[in-house]
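Presented sequentially are two complexes of chain A, the first with chain B as partner and the second with chain C.
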Partner chain A sequence: MELLTYLPQVFSGVNILILVLGTIIGLLLGSMPGVSPTMAVALLIPFTFHMDSTAGLILLGVIYASTVAGGAVSAILINIPGAPANIATILDGHPMARNGRATEALHYCFISSGIGGILGVLVLIFFTPPLAELALRFGPSELFWVAILGVTVIGSLGSTSVLKGLIAGAFGIWISLIGFNPILGTERFVFSGHLQGGISIVPALIGLFAIPQVLYMVESAWRGQTGEQFQMEGRSIWQSVRYNLRRVRSLSLGSVVGAVVGLIPGAGGQIAGLLAYDQDKKFSGHPEKYGKGEPDGVIASESANNAMVGSSLVPMFSLGIPGSPTAAVLLGGLLIQGLFPGPDLFTQHASVVWTFLGALLCAQILLMVFGLYISSLSRFVIGIPKEYMAGAVAVLAIFGTYSVQHSFSDVLVMLVLGTGMYFFMRYGFSPGPVVLGIILGPIAEENLLQGLIIAPALDGPMPYFFTGTINLILIGLCVMSIGYSIYSELKIRSRRRAGERAGGAPEA
Partner chain B sequence: MTIWKQRIIAIASILVAAGLVVWSSPEARPGYEFPRMVAWTMLVLSAVLALMAFKPGKVVIPADIESVPMRIIWPMLVILAGMAYLAPRLGFLSTSFLVFVATALVFSPDRLGVRRIALVVAIAACFTVSLYLLFVLLLGVQLPRALLF
Partner chain C sequence: MIKRLSKYLMPLMAVPVAFALGALGTVKADWPDRPLTMMIPYTAGGASDFQARIVTIPSEDELGQPVAIINRPGAGGQVGWNQFAAGARKDGSELAGYNVPHFIAQSIMHTTQYNKDNLEPVANWGADPAVLIVSRDSQFDTLEDLVEYAKANPGRVTVSGAGQFVGHHIATLQLERAAGIELRYVPTSGGVDAMRFVQGGQSMAGFNNLSDAYRARDRLKILAIADLERDEEFLPDVPTLKERGFDVDDTSVNFRGVMAPQGVPADRLEMLSEAFVNMFNDDRVKRRMSAGGSPLRVMNREETRALWDRQQQTLEQLFEGMEAN
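Our next item is the complex of A and B:
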């Protein structure tokens, strides 16, 4: 098996150093409230420019996995989730801390994260190559629909409002088209010298995820929102390991739910954690204990959100459709290194991909070990004032953006996009669809134009793009993702309406 | 109030999309087909958003709108704009130092005293030195040097 062939490379030279340091840094970054995995991965992309593609990819993947796990620290200790994926962890993790069981909750969190994460990476290892083989049959029309599917899925599933998600996705595609037409080479929409050559992925990624976060951080610093922190009790790690391994139902339910949710593009860790928590509560013999400090709640949600990490990379590596916003940023990192998702990745760049998968598997074990031993240190990281964090992130965003192409225009683009996104976020738009639009827009256009060139020699553009099994399946999936999101949105609205009727509060 | 904000967003969205449609439709120039398709899609989606926001009767909309705390964030916007303006003129490292100090002092929830200012300046200096070591010495990034460093 290829994984075993390339596994020794994980432990060679700089890779092992990046694996270890990346895990520790990721755990610490994740434990800081306000530093989301997406922002952490986006901020670190510029560093990967100075590494070979294997090391760069390992750094991004390891940071993704460990920041999701580290996010539980602030969720448990100060009732603020480090990442949206840790929202479900708050429900029982924080009550455990209030009951004087903070260390115990952190132990369960890291053990479950590691176990769930291993299952997620195994799903990634076994599902990606066959799916990538399928992508061999894709021509320009299929690739066009894959790109559109990516945007519709993230746009519809990853946002509060389907329409706003789709509008944001379309806007992202449109701004990605600034610069040159890929076939004719003509310049378009360049109204400023700073936009010559178009909008690069890195400034867009950093700006859209880091700058709004800076503004949110200064807001909470101004309001003095620090949360209530709890003391850590002394507890044996082995006692926690023994108890955790005995909770087979919560562990397996969380891991399986997380792995399955991760496979659905756009669903994300937040849904994985909440769904696993809900299911575990339903299957429990004592559901009344949930929400009051039940360890099973922490185990189910944490195993789910880390199982989601590995499996969310399956559609990204095989088809180029990211399973979560962080996977979308990782896709940007992949493209920047000159690696394109699909079967070629496993044939032409087998060494890079299999070493990365091996490293991600090892990272799950490392984050479990480091998490258990450094969880007590995390409380110091949580204590870093938000105003310092905001200043540091703003400066890092500017340095990171500049270091990629040594272009000050990139810095300006990053600042403008980021500041604009903050205002859009306040009005219900998410950065995820915009970023995916920016990444997938050029792919969609190139394949559309190539298809339009090929089509007259075949049956014409309409049959070329709208017939054929794969085309029809992809179009069906686009319609299904939008249809399902509209259905969910209407359901939520009807629930709110019912709630308002019961409460008697007027809406507008 | 929320419903009016949703309506304003819908109208703004229509205006932006209409602008993009116009911009993507230059006369007799090839290479604009896909941008035009995307802009039209955005316009249609924005029109549906407006239709839902202006629908007569009791409308229940997602609670996804928050007011912008301009009173709080405007100094940060000034700091970011200042960074963009000063970095090529003063130098990246010196501007970074100033940005860190300004952010930490302006948004500090505690009262400012000499001790606090000295602490912030010391932390900002350490942070700037770390940036220099990381980006310039380790990664070999050539930062534009200007008036200061």
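Our next item is the complex of A and C:
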């Protein structure tokens, strides 16, 4: 077994140093709002020039895994996701923190991240050749349906009503169309030079989540309110581990959905957490608790987005096709080191690849350990007075947005979207559906256009989009997803009416 | 680690040396006084991006400053190049990577803020010809198989490429005209995606970069190369379209290099051109580029200017009567 042969190399001198430091740096970078995993990996690529290829690759892989996990910290504590992957974590993680269960939420997040992450890496180690073939079969029609499946989730994402969720999602899809047509290169909806680059995901994510929080903090500090300052409870790690391991359904559902979505080229980990969260909610016996601080929600989304990390590297290692935007940047790092993906990679550079895989596995355990340690330190974050916190988040938001592509236009777009969101949140809209719209819009558009170009060369658009095993499975999932949403919405409503619980739903 | 440290200490030690040289009348020490940026209008991890990162590795030796790569992807390069032409600093510290024929073709077919006249070539590092590929298990074994099938089934052969009006699209157009066939071009968002389409059977064939095809050669059949001569270094057995009787020249060859916005002082452009040419000829660069199957073709400012002018003419003729849709 090659993994065991090369495992000792993971623990040799420089490698173990990079592994440990990389995990800690990654967790810290990830927990800063505004620093996405893609950006963190891109920032570190120049450092790998001076390292040998094994150490360089370990650094990038470890940073990828730990920034994804670290993004949950700011999601839970200050309601700002560190990356698109952590949007679903907010939905129950932050309510848990508000209910005085912040430490518990962070524990679940890191335990689930570690478990999901290990599964993802095991998939990468054992199933790369067959799964890479499967990944290749996702063409424009299949990816279009994946995007539509994502759209079916939008309505249930934390707004006070399904209708508001859908409106917000449609708005997100619309603004994703601003800029150039991705296939033909013509301009749409560009009224100002600032919009020419379109609205990209990271500035939108930062603006829509962070700016309303900043304004909210300023507002409450200005009015002299302390707001609902929540306390961090003391909670033993073992208690959390025991509870977490008993949530078999959420853990396995999250890990499996994450691993599958990670494989799909282009769809990427950005929607893994959301799809897992949605599925878990639908399979749960008490879907009405989701969004109000349900631990299962945190467990499902965090195990999913870390399971995605390993499996998004499957098509990259064997075919050079990255499964997520971050994997694409990592591919660049690989090429610069002179490591070219393909079946030969595992034979010609066996030492590098297997040491890397071993390191990635160890990183999952390390990030679980360090993450749990960080959880107990997080009370200092909570203790920071609101006015300082608002300042720090605002600085990070602007810095993070600008540094993605050194564009001041992005900063303007971020601020405008964020300020708008602050006002719309008062009317029960939430930022999750908007961001999901911005993520899914381009995937759906690009693949629909490509499908329509390809279809006439085959048998026309209808057979192209509506036949084929994967297409039919995905269409089935879409129909089930919509049907179940309607069914459960009706059920919750009738139950609510029957119970005659007054007060209405508290805002998420 | 010691190697790393010395990397950072070197610039410190270079300061007194630079002063000494300055006293002797060398201008190199005055400028650049801070890191340069080079904007690549494609995603990180693509061929243009990783080649740019490789060829700028020796920049601290040649310019005394590192070159930071900034990715600003979108619409086949239009987003990045528009912003570059409109807003880049004119002191020579903000540079961009160019891809010819892409940016020239876009400036002809779309309303862009850039054209070959408001940009200044600095130096060219690479020439990546387009190659015609099909997947390993394709029914086509030779170029002739594909052309024959396309003659019998007009519009039914799909050909993927890295986008609208890039080299791959131009190669497809040229092959269509030379062979009198009708192909169906499928633009994707980059070379990696176009390659995925061929490998996964979403398109029947594709034009792609020689460097990418070379690396994936075990999983593909490479039918032909759209250049004037065969590539003796990487693919000596692959015929050119021309030698098989299809009159396709080297217009679609993807030339990559460095450019500056119009308005940068001429002496700085000359200095940059010299420094970049030296970088491209560095042994470290040659070794890494060759490992990736990326052909180097180093050209200075004047040679690059001539290339741009020649391409402008050819492309205007090729696109005559075509709509941008």
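Points to keep in mind about this one:
Heads up, the rule we're going with is that the second predicted complex is superposed on the first by the 272 of 508 C-alpha atoms of A that agree within 3 Å, B and C clash if a C-alpha of one lies under 4 Å from a C-alpha of the other, contacts with A are read in each partner's own complex, and residues count from 1 in each chain.
Keep this in mind: a contact is a pair of C-beta atoms (placed from the backbone, for glycine too) under 8 Å apart; a residue touches a chain by one contact, two chains touch by 3 or more.
No experiment lies behind these values; they were computed from the predicted model shown.
Of the two partner chains placed by the overlay, only chain C lies in contact with A:P140; chain B stays clear of it. Judged by the touch definition given at the top, the superposed model places A:P129 against neither chain B nor chain C.
Of the two partner chains placed by superposition, chain B and chain C are both touched by A:H406. Of the two partner chains placed around the shared chain by superposition, chain B and chain C are both touched by A:H50. Touch criterion met: A:L163 reaches chain B, while chain C stays clear of it. In the superposed model, A:Y427 lies in contact with chain B only, and not with chain C. With both structures placed on the common chain, the touch criterion links A:G197 to chain C but leaves chain B unconnected. When the two complexes are overlaid on their common chain A, residue A:G291 makes contact with neither chain B nor chain C. Once the two structures are superposed, chain B and chain C can be ranked by residues of chain A touched, with B on top. By the document's definition of touching, of the two partners only chain B reaches A:E445; chain C does not. Shared contact residues of chain A with chain B and chain C: 50, 181, 183-184, 186, 406.
By the touch criterion stated above, chain A contacts chain C in their complex at residues 14, 42, 45-46, 49-50, 136-140, 179-186, 193, 196-198, 265-266, 319-322, 325, 328-332, 335-336, 338, 340-344, 405-407, 446, 450, 453-454, 456-458.
Contact residues on chain B toward chain A in their complex (touch as defined above): 1-5, 9, 13, 16-17, 20, 23-24, 29-35, 38-39, 41-42, 45-46, 48-49, 52, 58-69, 72-73, 75-77, 79-81, 83-84, 87-88, 92, 96, 99-104, 106-109, 123-124, 127, 131, 135, 139-144. Residues of chain C that touch chain A in their complex: 1, 3-4, 7, 37, 43-46, 49-50, 53-54, 57, 66, 68, 70-72, 74-76, 78-79, 82-83, 86, 106, 110, 155-158, 163-165, 184-189, 192-193, 195-197, 199-204, 212, 215-216, 218-219, 288, 291-292, 324-325.
Put simply, chain A touches chain B in their complex at residues 47, 50, 160-161, 163-164, 166-167, 170-171, 173-174, 177, 181, 183-184, 186, 188-189, 211, 214-215, 218-219, 221-224, 385-388, 390-392, 394-396, 398-399, 402-403, 406, 408, 411-412, 415, 419, 422-423, 426-428, 441, 444-445, 448-449, 452, 489, 492-494, 496-497, 500, 507-508.
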